[in-house]
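Lettered A, B and C in written order, each chain numbered from 1.
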Amino acid sequence: MMRRSHMRALGVVAGLCLLAAFSCGKKSGSRGTSVHLWQFWDIAVVAPIIAEFEKQNPGLHVEVEQLTWATGLEKIQAALASGTQPDVCELGSTWLPRFSYEGVLEDLTAVYEAERDSFLMWDSALYKGRVYGLPWVQGSRVLFINRELFKKAGLDPDRPPQTWDELLQASQKIGALGNGVYGFGQNIGEKYVLYKKFMAFAWGNGGDVFDERGNVVVNSPAMLEALEFYLKLAPFSLQEKQEVLDQYFKTGKLGMQISGAWNVKNYALEAPNLDYSCALVPKPAADRGEHVSFAGAEMLVVFKGSPQKEAAVKLARFLQAYPQAKAVSLAAGSVFPAAREAMNDPAFTKDPRIKVFVEQSLTSRTPPAHPGWNEMEEAIDHAVEEAMYGRRAPRWCLDDAAKEITTIAARFNQK
Amino acid sequence: MSRRRRVSPVVWLLLPWALVYGAFFVFPFLFSFVLGFLHYNPLNVANTTFVGAGNVTRLFGDADFHSALRNTLFFVIGTVPVTTTLALALAWLLHAPLPMKDAFKAAMFLPSILSVVVIALLFKLFYAPGGALNETLRALGLQTHGWLTDPATALPAIMAMDIWAAVGYYALVLYAAFTSIPESLYEAATLEGAGHWATFRHVTLPMLKPALGFVLVMTQGGPLGSTNTLVMMLYDTAFRRLDYGYSSVIAYAVFILSGVFSVFALRRMRSQTPVQQRGMPA
Amino acid sequence: MMRYLRWIVLLVAIVLMAYPLGWMIAVSLRTSEGLNLRYYADVWNSGPFDRYFINSLAVAAVVVLGNIVFCTMAGYAFARYRIRGGKLLFFLVLSTIMLPKQVILVPLYIEMQRLGLIDSYWALTLPFLVDPFNIFLIRQYLLGIPTDCEEAARIDGAGELFILFRVVFPMLTPVLAVVAIHTTLTNWNSFLFPFILTNSTSMRTLPVGLALLAQGAYSIDWGHLMAGAVLSALPVVVAFLIFQRRIIGGLTTGMTR
């Protein structure tokens, strides 16, 4: 009898030991002499680019894998944990600082020094004076306006709002049209989006999350002003999730919203008769501030310890180069090259709407390159939402955000 | 007295269970405990540091945790009694000779066989502007509402969904109790007749019900985090913030809480049933 | 009189409960060109839904088989043998049912990661091969069956293994049917763990595929989304309608034993 339960225990322990044994051994991927690239675009889009690279570099073979936005980050960190990460990888600009902080990226400062003036959107790759990523493609947010609604409200669609006051007036007039029509679209109730729209106004007013010395200034007077203005738009705005805002805009029930280039692609497919145009994000006043917007950038990184480091860097630079970035952008239809050359390329300036996006990218910003940014953006989302719901005075909302962000930043100060 | 030449059959019989249990339950369970004391770094495992009780103290001061805890408790306290009452009512209605009884039973059971994702999508549509609820209100001349975007209504909306999904199932369980042990309404109401498992599943499960699947597909934490539940926070902390250690502490908090609930329910049940009679493991 | 009143109230209740479902089906069929199945065709081709279906099927089959064999073995052991520390052991079995699975979500993920099993059929099946709830069901059932047949076989000199699989197993058919149904249902609908443990499109099961569909291109495209939802639910609903007597009867009986 005794033996049985002992054998039982042994069985359980055996299971555990097997596991422990496996867990201790790191998996070394058998990767041969290929360069491994992980990125988010359709394989069909990237394949010709890869073929060209291989042609120009006989002897180098590239293995591409496509990630999805939903699971990409997880997959990358799973790979890092088991030592099976790729050589070159595409990372979002809001993820990059965390990776730089963890020290898992190859230093690409030399490339930066050679290329810096040819590209925009370097900010998220800068960390402690070194550069860890190459800007590849980017997408700004601009103001979309419904020309029909403008005309109906007695506004001139060829003179979109340039300042905050004009924006407010336009929202008021369109909102007054009634019949389920709204003047402006404000995001609410979901993650990852709200702060992007709000920060556009905040940055335009000279506000920011950190100042040059790294102090938290999210509750500065400039920021408060921006929040108060944003709240002024509320009575004339539809406050909903992005998908609903898009829906309303598509069906001509929303006068204006700040959104990205993917909608240009979508509207062409789903609402071909929609009469709309794009404009730069309004600035605080004619004599103050700038037309700043939020941009999401896709960066190319090389993971440290890559056995193909030289080839990897070569590939990254090749992808980043204008002809390749252009190919990807045109195929994807929702992003633009981070290269400055795009600003003058008719492929991007021919369509007046697209031209606005390109123009806007010159004054667009990516969020602060802080490893804890993903948590901080939530604090900002929360503050703006609270103010929008009228729970507390905007001032206290921002003060809370400042406290929260300081706490988060403190956690990352060990290194 | 050990003239055993071969290993007792019990060993072989229990081996598969033991292996799966050991490898995929005990090990992760203990590992989770250990993780709670570490700052495990998935991006750079070598840099994992020991933080002692740091994660736990952080939990106590974390406003997000408190709000998630509140939401979770609200959810449980809100859904359990309502589900039970409605289920009881339905079971009582069924407990009579009626035509089409089988069809009714089938219809009632249907929601519980749908996957969490299907139910979540169903209700996402139901509550959407232009969805069933708002359109019905509009047809009746009433005000429509952003059910899922208003922090005041988001959590109750999800609770209603949860009740919808569970009521039919529990009604049938109670109905079975009625028919097999028709001693008293009271007994059935305290879930005695429905047995050990219905109780545990009824109490423990709702604890976890702030089911990730629901919330993930529907609201991702919702307006002002009003639908942020403990389980959602657990997932978010681990997979978005890449803070596995802290997430483990949250997981243990869920474990302890559901343990407390279960013990409480077990006590209540024990004090009322001669458990032996039902052939339950004593 | 009371009887009809009851019936009517019940009917109203059922209609209310079915209302969201009906709306879902209506939306999935209402395309811009009238009622047809266009959305279904689109969805079926978009994510590889056929692949998701096969994955769900394969995984469910393996898990059900595993449970039927391994849980019978364990249930038999607990029912028929006196085990030293058996009470404790059985309590351990029960404990896993009571415990919130989310506690082991993250460490299980890490474990699978280190074992290199993420994104594989192993991850989708191994942890679920032995569901303690089934062990409980089988044990309870066996306790209610007299041991005569087994004794007789033993006296005739049959080996233990033979007794288990040739004598006991056939007697367990009713409870094994419940086991099969219960396991299939929970496994087919399982979302959280398959979602966490897999990454590639080719490894997704139906619920995961559906959820990602809802986050992707069709996020507010109700027609397509509902078509996807109906497609995912269809196999289960059809199976349910066929076996409903058995399912409803079996599951609730299992409860009241």
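Going forward, contacts are C-beta pairs under 8 Å (C-beta built on N, C-alpha and C of every residue); 3 or more make two chains touch, one makes a residue touch a chain.
The structure presented is a predicted model; accordingly, all values stated were derived computationally and were not measured.
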(request) If every chain is a node and every touching pair an edge, decide which shape results: line, ring, star, complete or other. (result) complete
(message) Quick check: more C-beta contact pairs at B-C or at A-B?
(response) B-C
(request) Please find which chain has its CA centre nearest to the centre of all protein CA atoms in view. (result) B
(request) Could you tell me the distance, in whole angstrom, between the mean C-alpha positions of subunit A and subunit C? (result) 39
(request) Return the distance between the CA-based centres of subunit B and subunit C, expressed in whole Å. (result) 16
(message) Using Cα averages as centroids, what's the distance between subunit A and subunit B in whole Å?
(response) 35
(request) Identify all positions of subunit A at which a residue touches two or more other chains, and write them in rising order. (result) 4, 8, 19, 74, 78, 81, 244
(message) Residues touching two or more other chains, restricted to subunit C: which are they?
(response) 81, 83, 89, 110-111, 215, 220
(message) Two-or-more-chain contact residues of subunit B, please, as numbers and ranges.
(response) 10, 14, 20-21, 23, 27, 42, 128, 239
(request) Would you tell me which residues of subunit C are touching subunit A in their complex? (result) 81-86, 89, 110-111, 113-116, 118, 199, 201, 212, 215-216, 219-220
(request) In the complex, go through subunit C and note every residue touching subunit B. (result) 3, 6-7, 9-11, 13-14, 17-21, 23-24, 27, 66, 69-71, 73-74, 76-77, 81, 83, 89-90, 92-94, 96-111, 126-127, 129-130, 132-133, 135-136, 140, 143-144, 160-161, 164, 185, 188-192, 196, 206-208, 210-211, 214-215, 220, 222, 225-226, 228-229, 232-233, 236-237, 240-241, 244-245, 247-248, 252-257
(request) Enumerate the contact residues on subunit B facing subunit A in the complex. (result) 2, 4, 7-8, 10-11, 14-15, 18-23, 26-27, 41-45, 47, 128-129, 146, 148-149, 151, 154, 219-225, 239-242
(message) Touching residues of subunit A toward subunit C in the complex: what are they?
(response) 1-2, 4-5, 8, 19, 22-23, 27, 68, 70-71, 74-75, 78, 81-82, 84, 243-244, 246-247
(message) Quick check: in the complex, which residue numbers of subunit A touch subunit B?
(response) 3-4, 7-8, 11-16, 18-20, 73-74, 77-78, 80-81, 98-99, 102-104, 188-191, 239-241, 244, 374-375, 382, 385-386, 389, 391
